[in-house]
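We just call them A, B and C in the order they show up, numbering each chain from 1.
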Amino acid sequence: MITFEAVTKRYPGGTVAVDRLSLEVPTGEITVFVGPSGCGKTTSLRMINRMIDPTEGRVLIDGRDVREIDPPTLRRGIGYVIQHGGLFPHRRIVDNIATVPYLLGWDKKKARGRARELMERVGLDGELADRYPFQLSGGQQQRVGVARALAADPPVLLMDEPFSAVDPVVRASLQDELLRLQAELRKTIVFVTHDIDEAIKLGDRVAVLRVGGHLAQHATPPELLAAPADDFVRAFLGRDRGIRLLSFLPARDLLLRRDLIVPEGGRAPEGADWVVVVDEERRPIGWRAAWNGHLTGFGTYRPEHDSLRAALDAALLSPCGAAIAVDDEGRAEGVVTRDVLDVALVRAAADAYSEGGHTGEEAAREAG
Amino acid sequence: MNWLIEFFGDPARWSGPYGIPVRLAEHLEFSLLALALAALIAVPLGLLIGHTGRGAFAVVIAANAARALPTLGLLVLVMLLAGLGTLPVLVPLVALAVPPILVNTYEGIRGVDPDLRDAAYGMGLRSHQVLGRVQVPVALPLILLGLRLAAIQVVATATVAAYVGLGGLGRFIIDGLATKDFPSTIGGAVLVVLLALAVQLGFTLIQRLAVSRGVSRRVKGR
Amino acid sequence: MSSSEPLIRWSWIGRNWPMIWDLLVDNAIMALLPALFGLILALPIGLACARWRFLYQPTFGVMNVVYSLPSLAVFIVLIPITGLAERATVIIPLTFYALAVLIPAVVDGLTSVPDHVRQAADAMGFRPLRRLIQVELPIAVPVVLAGLRVATVSSISLVSVGALIGRGGLGGLFITGWQLRFPTPIIVGIVLVVLLAVVADGLLVLAQRLLTPWARARSAG
C-alpha cells in the first residue's frame, strides 16, 4: 500500500505542483492519477520512487517513509514505465529487459531467461529478443518497457502516460494487455494519464487532480461517473456519463427469448413481428420482418463477457430495438426484447442514483 | 613526379637514423603520446562537465581558443621560452588536441536523450552507472569523432613541429626546403598525407567495432 | 636565451610596424578569401546534397579525407602547380578546409527547416526557387553562419603555417622570431592572429543578428 500524507511540492519561484495530497493506493490494485496538464499527477507519481522529493508531507510504502531508503535501492524494487520507453538504444531487447536483474547481481543466464519469459508474457514475439530498440515499432517498444519494469518482479509499478505516444488501435490493445497481466500478477500499480476514458477503463480506483495539485475526487469509476464531486470533475468526465456507466454493469442476467431464432426458411412464431434468421451453424444472418421477408442488419453482444452498454448498442443496431445474444463462437443464444432491456436500464439508473447519493432534485435538474 | 620516384626509389632513404622508417616511427610515437595525454585529460573532463552540466563555459572557451591559436606560433614560442628538447614540444601538441576531444565528449553526453537518463535513474542506476552504462555507449560516436579530430590536429602539428627541431616525417619537408632538396620535400609531404589517411582509416575501423549497432543503426532494418 | 631578454620589446614593434601591418593585411586576405569562396561553393553543393540524399555520403567522405590532411603537406604538394610563396598555394587548400566545414553546415541548416514550414510554403503557391530564397535559406542562416565562423577563425590561424613556404601572413613573424631567437615578434604574431579572429568572429555574429532578427525575438519570448 502506498500512502500520501499531506504531500506538497512547491518549487522555488512559488509554483505549487502538488498541494497537500492525501490518499491511499491500495495494494494489488490499479490506481489512476488523471487530470489536465499542470495538475501534478506526474509530479506525485515521481515522488513515490524519489525522482522528486516532497517539500512537505510524506510518501509511505507499506508504512515506511520512502525518504528512509537510498534512492537507487528504492527504485530497484519499483518498476518504472515512461511515455517513450526510455529503452537503451545500445543494448539488445533481451538485455534491455534484464537491466534491473543485472543490477541486482543476477546470473546472466538466469536474467536472460527471465527476460524471454517476460517477453512472452507481454505478448512479444521471442525472435525480437536479439534486435535493437530502433528496429521495433512504437507499440512493441512500449511492451518492452513494461517487460523491463516487471523483470525483477517488483510489487509496485509506476506508469507515466505509457500509452499516450502510440496510435489508438495499439493503445487499446496495450490497455487490454495490461488488464490481462494485472489479473495474473496483481501488482500495485499507479498509472498516470490525461485521458479520462483510459482512467475509467483501467483504474480500480481513480484520483482526479485539479490544476495546482489538488485532489478533486478519489473513487471507483462507477462512483465517479454516477456522482462527480463537483463541476470540475463533472466537466472533466465529459458527456455520456450515464451511457458510460452502463459499461460497468454486466449483461449476464438479461432474460433471453430463444423462440425468436429461426433457421433460413423457417416459420416465425405466433405474434412475432421480427425474427432472427440464422445459418446452419446458428450464426445470425439478419432480422426478418414478418410482413415482407426482407433481411436487415443486426447487432450482437456476448452475455458472458459484455456489459449492458454493449447490449444497448446491439439493440440500437436492430430494426426492432432487440439485442441478439451470442456465445464466444458467434452462435445465437437468444434475443433480449425491448421490454426486458427497458426494465434493466431503469433498474441500472435507479441503482446508480441511490449509490451515488443523487437527490431527486438534482436528477430533475439534470434531466431538464 | 620524378622527384617522388627519386625520393622513394633511393635505398638510402629507407635506412639509417634519418630514414623513412625511423622518421615514421618518431612521428607516430609523438602523435600517439600527445593524443593519449590529451584524451586522458579531456575525456574525463568532458564526461564530468557533460554529466553534471557544470563548467560548460570552459568547454566553449577551450573550443574557440583552440581554433584561433596559430600552431606554428605556439610551437615556436614554447620552444624559445623553454629551450630545446622533446618534452616542451608536447605541451602545444597536447594543448591543441584537448579542445576537440573536450567539446565532442561534452556534446556527446549532453546529446543523450533526457528521457533515457530519466528511465535509467528511474530503474535505480546510480550516477556513475548511468554515465558508464548508458550515456557513454550512446555518446560514443561523438566521443570517437572528437578523438579523430584531435588525431588530425596532432598529426598536423607534429608535422609542423619539425621546424623547431622535432623529428618525424615533417623533417623531410623542413630539411628539404632548407637544402632545396625537392625530392625530400615532396616525398615528405606525400608520406604525411599517407599517414593522415591511414589514421583516418584506423578511426573508421575503431568506430565500426566500438559503437553498438543499436546506436549506429547499421543493422538491417525491420 | 638570456633571462634578461624581456618578453616584449616595444621599440621593435614601433620600428617594424609597417611590415607588421602588411603581414596582417595579407593574413586577412588569405583567410577571408577561402572563407568567402568556401561559402560560395558550399551553397550549391550543400543544396544538392540536401536535395539528393545519395550525394551526401560520398561528398562528405571526400571532404573528411581532405580535412584530415595536414596543411603543410598540402601546401608542398601544390607548389609545383601554383608556385612557391604564392597566395594561391595557401588559398586553395584553405578553401577546401572551409568547404569541409561549410558543406555540412549548409546541409544541416537546410534540413533544420521544419517540414511543415516547407509544405506550408508549397501550399501557398511558392515555386521551388522562391521557397529556397525566401523561406529555406533564411531559416538556415544561423546554422550556416555558425559554420562560417568556424571556417573563418580556422582559416585565419591556418594561414600562418604558410610561412614555412614563404607566404604565411602573420606567420612570418614566427619565423623572424625563431631565426632571431627573440620572442617579441612571436608574441605580437600570436596576439594579432587571435585579435583578427576575434574581430572576424564578432563581425559575423553581428551579421547574424542583423540577418535573423526573428531568432532573437524567439529566444526573448
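Note that in this section contacts are C-beta pairs under 8 Å (C-beta built on N, C-alpha and C of every residue); 3 or more make two chains touch, one makes a residue touch a chain.
Worth saying up front: this structure is predicted, and the values here are computed from it rather than measured.
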item	value
From chain A, the most remote chain by mean C-alpha position	C
Middle chain, criterion being Cα centroid separation	B
Approximate Å spacing (C-alpha centroids) for the pair chain A, chain B	56
Whole-Å gap between the CA centroids of chain A and chain C	60
Approximate Å spacing (C-alpha centroids) for the pair chain B, chain C	21
List of chain A residues in touch with chain B within their complex	49, 51, 71-78, 80, 82-92, 99-100, 103, 131-136, 148, 158
Residues on chain C engaged by chain B in the complex (per definition of touch)	1, 64-65, 67-74, 76-77, 80, 150, 153-154, 156-158, 160-161, 163-165, 168, 170-171, 173-174, 177-178, 181-183, 186-187, 189-190, 193-194, 197-198, 201
Touching residues (chain side chain B, partner chain A) in the complex	113, 115-116, 118-126, 129, 133-134, 137-138, 140, 212-215, 217, 219, 221-222
Chain B to chain C touching residues, read off their complex	64, 67-74, 76-77, 79-81, 83, 152, 155-156, 159-160, 163-164, 170, 173-174, 177, 185-186, 188-190, 192-193, 196-197, 199-200
